[in-house]
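Note that the chains take the letters A, B, C, D and E in the order they are written out, and that residue 1 is the start of every chain.
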Amino acid sequence: MQELRKRAGELLADGTVARVLAWRAGDLPYNPEPAFFETEAELEHLVYDGFCGANLSKLMIEASKLEGKTLVCLKPCDTYSFNQLVKEHRVDREKAYIIGVGCRGKLDIEKIRRQGIRGIEAVEGAELDGPEELTIRTFSGEKKCAYRDAMLERCHVCKGKEHMAYDELLGESRDTKDAERFAEVEAIERMPAKERFAYFQKELSKCIRCNACRNACPACSCRKCVFDSTKFDSEQKANVDSFEEKMFHIIRAFHVAGRCTDCGECSRVCPQGIPLHLFNRKFIKDINTFYGEYQAGTGSDEKAPLTNYTLEDAEPSVVRERG
Amino acid sequence: MKYSYYPGCTLKNKAKDLDTCARASAQALGVELEELSDWQCCGGVYPLGSDEIATKLSSVRALAQAKEKGQALVTLCSACHHVIKRVNDDMKHVEDVRDKANRYLQLPEPYAGETQVLHFLEVLRDQVGFDTIREKVVKPFTGVKIGAYYGCLLLRPGKIMAFDDPENPKLMEDFIRAIGGEPVLYPYRNECCGGYSSLKEKELAGSMSKTILRNAEGFGAQMLITACPLCQYNLNQAPVDLPVHYFTELLAEALGVKEEVQGH
Amino acid sequence: MTKAEKQAEEIREISGSDPWKCMKCGKCSASCPSYDEMDIKPHQFVSYILQDNVEALAQSRSLWKCLSCFACVERCPRDVQPGRLVDAARQLVVRQRGQDYLKADEIPELLDPELPQQLLVSAFRRYRR
Amino acid sequence: MQRIGVFVCHCGSNIAATVDVKKVVELVRMEPGVVWAEDYPYMCSEAGQSRIAEAIRTQKLTGVVVCSCSPRMHEATFRKCAERSGLNPYMVEIANIREHCSWIHKNTEEATEKAVILARAAIAKVNLNTPLQAGESRVTKRALVIGGGIAGIQTALDIADAGYEVDIVEKTPSIGGRMSQLDKTFPTLDCSACILTPKMVEASANEKITLYTYSEVEKVSGFVGDFTVDIRKKARSVDMSKCTGCGVCQEKCPSRKTPNEFNRGLNTRSAIYTPFAQAIPNVPVIDREHCIKFQTGKCGVCAKVCQAGAIDYEQKDEIITRKYGAIVVATGFDMIKLDKYGEYAYEQSPDVITSLELERIMNAAGPTKGHLERMSDHRPPKNIVFIQCVGSRCADERGKSYCSKICCMYTAKHAMLIRDKYPDVNVTVFYIDVRTPGKNFDEFYRRAVEEYHVNYIKGQVGKVTPQPDGTLLVHGVDLLDNHQVKIEADMVVLAAAIEPNPDVRKIATMLTASIDTNNFLTEAHPKLRPVESPTAGIFLSGVCQGPKDIPETVSQAGAAAVKVIGLLAKDKLLTNPCTAKADVLACNGCSACANVCPYGAISYEDQEVRAPGVREIRRVAVVNSALCQGCGACTVACPSGAMDLQGFSNRQMIAEVDAICR
Amino acid sequence: MSIANESFRPKIVAFCCNWCSYAGADLAGSSRLSYPADVKIIRVPCSCRVNPMFILRAFERGADGVILCGCHPGDCHYTTGNYYTRRRMTLLFSMLDFLGVENGRTRVEWVSAAEGVKFSATMNEFVETIRALGPNVRLGDLRCRS
């Protein structure tokens, strides 16, 4: 963290960058938030630890419009999103100075809470070079929790410790993958249709349409979302319960299919804890099965699966035939 | 190469040569034919009625047994091959037959046409390869003009049997070349010999067989080969002096294992 | 539905053949090795079914003369495959009327020492209940 | 709010017999926006159209819905009617209550209910319609004809005659096509070459016509009026400007074993060759695959003997790019392969031949110099059997489902010619039906029977069995006499089915012209637009569209030419206004739309975007409406809905969905 | 089929491309090849014009089945449109299946302008399937607030 502050300070000072995009402490010890820093003095508020899960690449859309370069701190998985945004002409690579920051997995406060740890006052050992065990101070004393057990779901299916884009690297990264990426999706696929339906009905019923997922998702970056515009609407809008409520998540997943890098921000930010990444990951799995392995954001100029085709593609009836 | 083997009734009796020569040749070629335990007669003719089930069950039993062993099922007699291959096709594609047969048989695992049914000639062509046979031949039939007689059952209906081009087959001709002989092409090689009509309509079968033999003879054949005991019987009944052998007899002879067989 | 219609329907069902596809080209009859023995010729079989004239088919000698050589099945350009209709009619007759073309007591005189089992088995299946 | 008029057509009884049109009128009156509704027996009639025109004027209609037949039938009619009455033609929508309703439903209540729903959907759509203006595009005054057979030649001659430039691209070294392989033509029995050769000469001499022989179409882009085509001129290895056509090279060429395609492989030709004596251009090509010089490097005899120094072993394929206003497909046909018909012994016996091979045998320039003889032993045949419908009218995968149409007539011709020249020869024809619709056709067939005593037997042949003595035993049946027929023939002629030239699939794909399951090109309308492809600017000539004989082919060739001339005579074409359009405010500039556009119609520009609170320069999508064909692929690729299709907009589609599901 | 299903009149939306399937439907009409009136056709220029939004909207408004018909792959009037359709719909249908919606309710069929028989047969079969499935409840209930 100190090193990062120092290096950011240098780059601000020598004019390489006009501002720094990183994280600063939030109102609680475990909710740092994305922030721009424009002076060296402000940098003392910069933090970087296991709770800095937020993917900053989407913020580069706005930053690209500003004068001068922006220093942006990207974790290995964030760089996929960054590349995807560059590919879609949303972010100007020339306007970014990327420090590829190290990552040993990011933390999910809910996972700590789920272990019965309540009244959290502080969490120690979350820093990059911290121990394998977290020490959590609570109202009722000190609790311990293995770092690994508090990791976000997405870190258990880590895409790897390599940065796909950077100008310089700072800090060690670790591949934290210890689960099968598609295991959850497959488990649901194995359920009978009625059970699947019940499962998703239960999950989606929690949605309060706060749009947190949409706001966090780097692929969901439309200037104006179709669910906020009148482009697909008809004159009878007021008479029925709105289209968006039912279909928002399906369409959202469809719109980002082939573009989603599986960064997991949607699930991380959902205040209701809906496993929204399942939609995206189902599409990724299908794309891999039907059209060959594809990972968005690797920086290749391969065509995206939904703007591509082969003469021998599977027919839609494959869905029915596989039962 | 290990296969389940279904000999059929006639091969255990009147057509022993067809069977024993095949076994000896197979051994010489490194093919293992494992006879199914307590197989039952296939019935000789494929029941065309789409609602016939009982008459198909013996074939299904044989097929299911081969499936359990994870082996392809090899047959020699054209009639058995025809019946079993077609029943297998029904089990694969006709839901009604499949359901009913499985309900009758109560197999540990339902059978749905998984077993591959091969005629021994197909094994020779596709699995062993005629080039390999050519290399292993010790007594080639050099200069002998041999006509292949396919008959009906191996070839038709072409879509299901998928044995060879039903109107212009060449598998047995390639076989004849492999054992060093000279194949004689004659147009009646896939015409009917009279089949089971020879029981009651001896004249009909006789005249049909005669036409076939005369035609083959006319094109210079010195002998005919066949895979079917009934064809052999019918052709032999006709008053034409042209020997008709099982193809396995020639194969065993060419491979130098015929004495062995007859020694038994 | 009259009885005749019902029987014709049954034959169509058993055979899985669609006689309406027939264009009366006669390739079946040209290919049939038993043609001369038959009173109702293979191509006529199709017309008889279309006219629901099953009674005539049931009385026909042709049922017992068909060799099941499948030449008509293979060559039919319209996928009607008259051989299947013949066989279905034979089935119907054998099942419903218990007619046997082959009587048990005539068998001994038909046998000869060379005769393969296959022949007997096939003939029994074809000619008897 | 629109002021919509709804017009319900009875179509005589076609609609009114099943749909209660009065009730439809009554119910649609209650739909939002509808200010006028009426029914009429024939809306497409002049009287019907004038009712629409009058309502537009008196009721000040801003939108029109016609409930009638398919829009593919009369949408254009009603749009023109609206335009004449001062209403933008794109404010008209059709509810298809005939093909999609009255003709397929029997129950009046059901059909009426459905008709009302279809009308509602159209009304809901019109409520959201906006006037659209067709753009204009220029017309390149030059036509391309693909295929240099009689169809292509005739089309080109007619176009050239009207004063337009036209190019013929022919794959083989000479124009002439199938007709040049024929000996005589029915029903007049004139010599094929005698009537074809003058046309070929005319085509080559016409200064408006450019021939690209030994050439193929490689790439096609653009659209009606403005196609850009790459033509590959294959290396001929002979300099066309120097060659005098003396033929010495062909005589001296030592490689003589190549099957002669022109004679259907019945004899062989040299590696340097012209397909036939009257070839145009009369310049040989070197078949590099069979040329000793190209295969081994040694030889060069042709170059040595060529006085004109025309042989050029270094010649390369050349790509020519040209612009055309219209393209005519005249790719013709071939006979099907007979390898799956083993029962006719075509592959087993050289004396079993196809009808086209017989044409070559009968032709004085053919492999037997016109003497009728067996290919096996060159003896004259005594008994010839013709078998009809080999591979035609088949329900299985061995053959074709259609009637090849020409076989009955050419077989009568063959039978007659043989009986005329060789009265001792017996000729038997096995037929299923004899089909002779055409002027003087049945008379022609009857002459074969009555005058020439050709033996016609109704019944198909089961099998042809070659006998040891060289005869061919034909196993047939006489269905009328009800007996099997066995004929000892010494020659059997098969009327094999014809099929479109296999190349046509590739060409159709390049042209985006639709093709049916048999590889015949589809016409825009089977009755009313039989020489046009549904793709604008593409026309059809000859057998590529369906089996036909020479007179029919020539008529169609002329008709295609007239359509081309009609198109080229225009200076400007109106373009389809139903094109994609981007809303720059919502455009992300992500390129998803451009990635799926098949026409390259979408580009990106940095534009200044102004909106409340926004004023910036952004990368946004721009559609070139002259290139856009209006498929809509881009609209779905666009996640923000910024890309929309005019005439089929997102909101219009949603309105239709809502109206149907209401 | 139960009696309840016999009386059930499903709402079925068929999107048909103008060049092939709509013409195929016209041909079915002119050949008088009937199919149930439950099917209502919406004309689109190409199957690739069909946005998943349209399909979900139809379900939301009470459709019981949605079928999309286009030119056979390789025969698209616009060369490539149906290839995109094929991918989009495969993924969309797979997702709906994943969510537990009956996969028989959605379908894509390639019907050429010449295939009036196929058009009618397809519609008959599709209506049959939907009737057997009964009214579409699940999709309608798949909302954020149950």
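Simple rule for what comes next: a residue touches a chain if its C-beta (ideal position, glycine included) is under 8 Å from a C-beta of that chain, and two chains touch if they have at least 3 such contacts.
These numbers come from a predicted model, not from an experiment.
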Please give the intersection of the contact partners of subunit A with those of subunit C. D
Intersection of the contact lists for subunit B and subunit E: D
Farthest chain relative to subunit A (centres taken as mean CA coordinates): C
Could you compare the number of C-beta pairs in contact for A-D with that for B-D and name the larger? A-D
If you average the Cα atoms of subunit C and of subunit D to get two centres, how far apart are those centres in Å? 46
Computed distance of Cα centres, subunit E from subunit D, in Å: 30
In whole angstrom, what separates the CA-based centres of subunit A and subunit B? 65
The positions of subunit C in contact with two or more other chains are 71, 75
Going by the touch rule set out above, which residues of subunit D reach two or more other chains? 343, 463, 596, 637, 650, 654, 658
If you look at subunit B, which of its residues touch at least two other chains? 166-167, 191
Pairs of chains satisfying the touch condition: A-D, A-E, B-C, B-D, C-D, D-E
Counting only contacts in the complex, subunit D reaches subunit B at residues 340-343, 345, 347-348, 463-469
Which residues of subunit D touch subunit C in the complex? 343, 389, 393-396, 398-399, 432, 458-463, 475-477, 479, 482, 484-485
What part of subunit E is in contact with subunit D in the complex they form? 11, 13, 18-20, 22-23, 25-26, 28-30, 32-35, 37, 40-46, 48-54, 57-58, 61-63, 71, 74-81, 84, 88, 112-115, 120
Tell me, which parts of subunit A touch subunit D in their complex? 65, 88-90, 221-226, 229-236, 255-256, 303-304, 306-308
Per the touch rule, the subunit D residues reaching subunit A in their complex are 32, 124, 127, 583, 585-592, 595-596, 604, 616, 619, 637, 639-642, 644, 650-651, 654-655, 658
